[in-house]
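Shared chain: chain A. Partners: chain B in the first complex, chain C in the second.
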Partner chain A sequence: MATRLQFENSCEIGAFSKLTNAYCLTAIGGSENFYSAFEAELADVIPVVKTSIGGTRLVGFLSVGNKNGLLLPHTTTDQELQHLRNSLPDQVVVQRIEEKLSALGNCIACNDHVALAHTDLDKETEELLADVLGVEVFRQTVAGNVLSGSYCALSNRGGLVHPHTSIEDLDELSTLLQVPLVAGTVNRGSEAIAAGMVVNDWTAFCGSDTTATELSVIDNVFMLRGDTRPGDGFDGMRKSLLDSYK
Partner chain B sequence: MSGILGMAQDAGMFMVHQTIGSVLCCKCGIRMQPNAANMCVKCLRSEVDITEGLLKRLVLVHCPECESYLQPPRTWVKLQLESKELLTFCLKKLQKNMNINKVKLVNAEFIWTEPHSKRVKVKVSVQKEVYNGAILEQSYLVEYVQQDHMCESCSRVAANPDQWVAAVQLRQHVSHRRTFYYLEQLILRHGAAARAVRIKQMDHGIDFYFSNRSHGNKFVEFIGKVAPVKSRSDKQLVSHDSKSNNYNYKYTFSVEISPICREDLICLPPKAAAILGNIGPIVVCTKVTNSIALLDPLTLKFGFLDAEQYWRTSFKSLLTSRQLVEYIVFDIEPVSSEITVGGTKYVLADAQVARVSDFGSNDTQFSIRTHLGHLLKPGDHALGYDLYGANTNDMELDRYKGYIPEVVLIKKSYEEKRQKKRAKARSWKLKSLNMEVDDKIKVDEDKRDAEYEHFLKDLEENPELRFNISLYQNKDYQPSEVASVTEDDGEPIPSVPDDELLAANLLAAEFDDLDLIEDGDGEDNMAE
Partner chain C sequence: MPRRPRRHQRLKSWPITFSPFGRALARMGSVSKPKRHSESIENHTPSSASNGFVKHPLDEKPEGSESSDGEFDGVVQADFAFFDPKPNDFHGVKTLLQTYLDVEEWDLSGFVDLILEQTTVGTVVKVEDDEDEGIFALATALNLSRYREQKCIIQLKDLFLAKASQEKGVADQLRLLLGEQAHNVGLLVSQRVVNLPPQLLPPLYDSLFNEVSWATEDEPTEELRNSFRFKHYVMLSKIYKHKNPEQKRKRSDDSEEAIVYVKPEDEIFHTLSSWSFCFPLRTQQPAPHEMKNYRSMGLIMAVEADKIPTFRQELGSLINES
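Up next is the complex of A and B:
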């Protein structure tokens, strides 16, 4: 079941947080609300770490990672690197890489097995991705956009892509990634999927502008409802259909 | 995205056919093709109202007397209900407001309203860009309230119906009205008096009243082109607004037409003769337009005087067409070959003539030279001036010491033949201006009728006079009776050929039947 939240009145939570199956990174905000939302949901299961990268709060845009590792851009300071190495579990390899496309989160979308990368990514980066994250890398565009990381949100069970993606592209990507894919929107019709939401295998967080329809699509494709079948069943849909106001 | 595909296709690359998938509308969840807003049209419409901030209720100021609408600040435009021009006029008022709101006008049409409701409804379709790229189209209703307000000219007319601003006084000091009959037909043909508020017939002339100085001026210029005139203009102050420095005047144009008419006999003063190349002092006036054409009947020399030249040496005619006397021609002998002067042929000939009054009673004959050699045959009747027996009172003639002909023939006479046929209805008729006649001056009805009849005969005989005049078919005319009579005559009397006649219903809207047709169309428009 997906949760709706905001970071300091912005609905682009994918920019300020990174969620994987092994850990979660959040930005440091003025109030603790953002961090508390993640904590409430995930604290028992995985570590939730507050950090900055290169002095900025755009943690989601700048880093890429999965349960095996985390890659950071060259702008990351040594203190941040050390802080992350300390806070994250030992099996997560934290690595800083030299890559001219430093917004790694916008360029690469990955889950635990496969990754979609920017077509202009360096060869070394691709190798590092394969090594550190243990994924198979495919250079692909999503709906004609090279920033595959920002227009596609991936988990091990499904993926959501840019709404203008054609059916042939969807089939092709789905075959590559070996997960079911759906074209949809987030945050009331916004096309930047990964900027508006973060997802892992059992939970997802979306911007507060996300409509009930979008939430139901997300729940469906990422199979978040607790039951494995992606079809309907009103009980399963009930939580996403009936809005709750906090 | 499509740009890249397009370029690739141009380069000849193999392109996979792209099928657009469908997404769920983010608000209502129905399947739809993705668009820039990723919302279905209904949700988009419910979100955004692009007609917010646009004018929906406007005022049109309308003058009920002349059916015109005010275009600020001061112009009044005559417009018909539910016409294209009215639509353009209404939309212009919305344009500025639309530009401010960045809305584009796509379509507009009238919705029918009852004319007495004083409302004009227009359905307008507009387009606007919303949500970074999606263009939304919406139509809405604009209501125009018609407020009645008399325009300035109608209020002036209503306040004082006889009000005029410019008056043109047309005068010719001769004893007949032939010129004015001819001018009347010319004016009708060219519509020069269309804007006259009032036309009044006066002694020796006609007065035209206009509501605008420029209309009066235009009329005076028109007259100046068709007759030799001398004009002057004056103005009289009516009112003065000292705050805005507006002065209202009444303008009067005094136009005098030269007293020389066609077929007049003139004795030229030496100055005028000198201008014209010393043609003989006795000349005949053959044609009067904005210049006077003079022909010397003894030598077939001709001269033209335009209005300025005439008024510099203003001379009067010696004898006018009232004093024409009928002659009978005994013998005619051409002296010269055919000469064409200004479109008319003349042949100089020696003729033996006698006055019809002398014909039976005595043997007075005159042997004269005439310019009508091409027309006359022995036995013909002709009209001419009798200088032998005339008692003239002209200084120029007294001063002239040279040869003065005794008879000057002017034209062939058809009186005899005309008398054979009783006054038959003509196959053509003329229209007339609606003039007010001044009751105070005594009018001799018979004399007027005779003059008019004379004018009509003149028209029949002279095709060049008919050139500028519109003749209309007389519906009451029955041709069958006439056909039998003309077979008797060797030579038919002159009449107007049918192809010169205009069918009555080709006219401008002065005829009643045409007005009826217009009303019918108006009703059709309203029913729509």
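Up next is the complex of A and C:
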């Protein structure tokens, strides 16, 4: 079941946090509520680490990672790098990379097996993605947008993409990524999916403006409801959610 | 037939032809090709249109043949139009109100919903035919008693009272206005992007206060009509106060003011206010060089509704002379 929360009145929680199957990063915020929400869900399972990146709170936009590793932009300070290396599990390789597109979270969407990358990403970055994160990299746009990281939220079980993604693109992406995909919105109609939510294999967090319908779609596509089969609940909801004109 | 607000009847009495807008129209009519205007922004006076929203008939985009070098010389042409709040405006309005209560966590989305539901009083300023539907400014007045059950209003009232707790005399007056007299009190909310042209301010406030007076006659129920008979307006704004006010007297040139108002109309409101007080804001943003001696403060003040005509007059002259 997805949880709703906000970071200092902003519903763009994907900007201020990064969630993977092995760890969770959160920004250092004004109130403890943000961090506590993550702690409540994840404390027993994976470490929740408070950090900044390059002195900013935008940990979600600037970093990309999965259970194998974490890549950080060149603006990350040495202290932040050391702090992260100390706090994260040993099997997670933390690396700072030289990439001119330094908002890595906006440019790259990934799970533990595949990644969708900005079309102008450096060759070295692509190789590092493959080596450090252990993923197969596809340079793809999402609904015509090069910032694949912003407009797509991905886990090993499903993905949510920009609402204007065409059916053909959805099918193509779904084949590449080998997970079921749904085009939808988060935070009451916002198209920046990855800014509005973070997800891993068993839980998700969304901005507090997210409507109940959006939450059900998220629960279904990422299979957060326990023992449902792929697309199970969604097919049931399909009639009430989508109009089809024959 | 049920009576509907007939705004354009009242607007006909406005002297549109003598406004800068009218002069620009006349100018446009006399030349064959639109030339680049010396003033960068076309302002608006409400002309006859339904629902109080304004149509600007001029085609402002310079023709391709006209702009010979195509370089951007820093002048942006924009048509601003005033609209009633719509549910679609949610994200734009929420962005404008993000810092309304500083960093306090409160039901901001609920507050935005309140503003958008009140279509009779409330104006949003957008750019005409803008696909992004970006909101540039917002002005509205909310009756504190009508919405007293709403979580956001309760939180807002508690916050105001908490900030006023230091100021003995004022705290009691604030408590009165927020409590017993709430049915006569309107919360004036006015937020805008920083660089909005000041020529838009008189029409914006005029449309707001006009809507308030029309609502006292046009609303369907007696209760709603009464809810707009405001006797007081309470508002929260941001100002910059000089850190060392005594230092100012030592300087020979009085170039540094004691208080810098982020919104120009706040100065007029402050002068006309029945009472006011400041409190420090928790977020201190890194100030530009000119502002390094100032710190940002919140300002809460109450203005009697009788003073509004004076305000409108002074705002007009302030904008015209600047």
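Here is the rule we go by: the second predicted complex is superposed on the first by the 229 of 246 C-alpha atoms of A that agree within 3 Å, B and C clash if a C-alpha of one lies under 4 Å from a C-alpha of the other, contacts with A are read in each partner's own complex, and residues count from 1 in each chain.
Note that a contact is a pair of C-beta atoms (placed from the backbone, for glycine too) under 8 Å apart; a residue touches a chain by one contact, two chains touch by 3 or more.
Just so we're clear, the structure is a prediction, and the values are computed from it rather than from any experiment.
In the overlay built on the shared chain, the residue A:S10 is in contact with chain C alone; chain B does not reach it.
A simple residue count on chain A separates chain B from chain C, and the partner touching more is B. In the overlay built on the shared chain, the residue A:S208 is in contact with chain C alone; chain B does not reach it.
Residue contacts after overlaying the shared chain place A:S31 against chain C, while chain B stays out of touching range. Judged by the touch definition given at the top, the superposed model places A:E136 against neither chain B nor chain C. Contacts of A:R188 after superposition: both chain B and chain C are touched. Look at A:E126: by the touch rule set out above, it reaches neither chain B nor chain C. Shared interface residues of chain A (contacting chain B in one complex, chain C in the other): 188-190. Within the complex, the chain A residues that touch chain B are 143-145, 163-170, 183-185, 188-191, 211-214, 216-217.
Within the complex formed with chain A, the chain C residues making contact are 90-91, 98, 103-106, 108-109, 282. On the chain B side of its complex with chain A, the touching residues are 1, 4-5, 16-21, 23-29, 34, 37-39, 131. Residue ranges of chain A in contact with chain C, taken from their complex: 6, 8-11, 30-31, 33, 188-190, 208-209.
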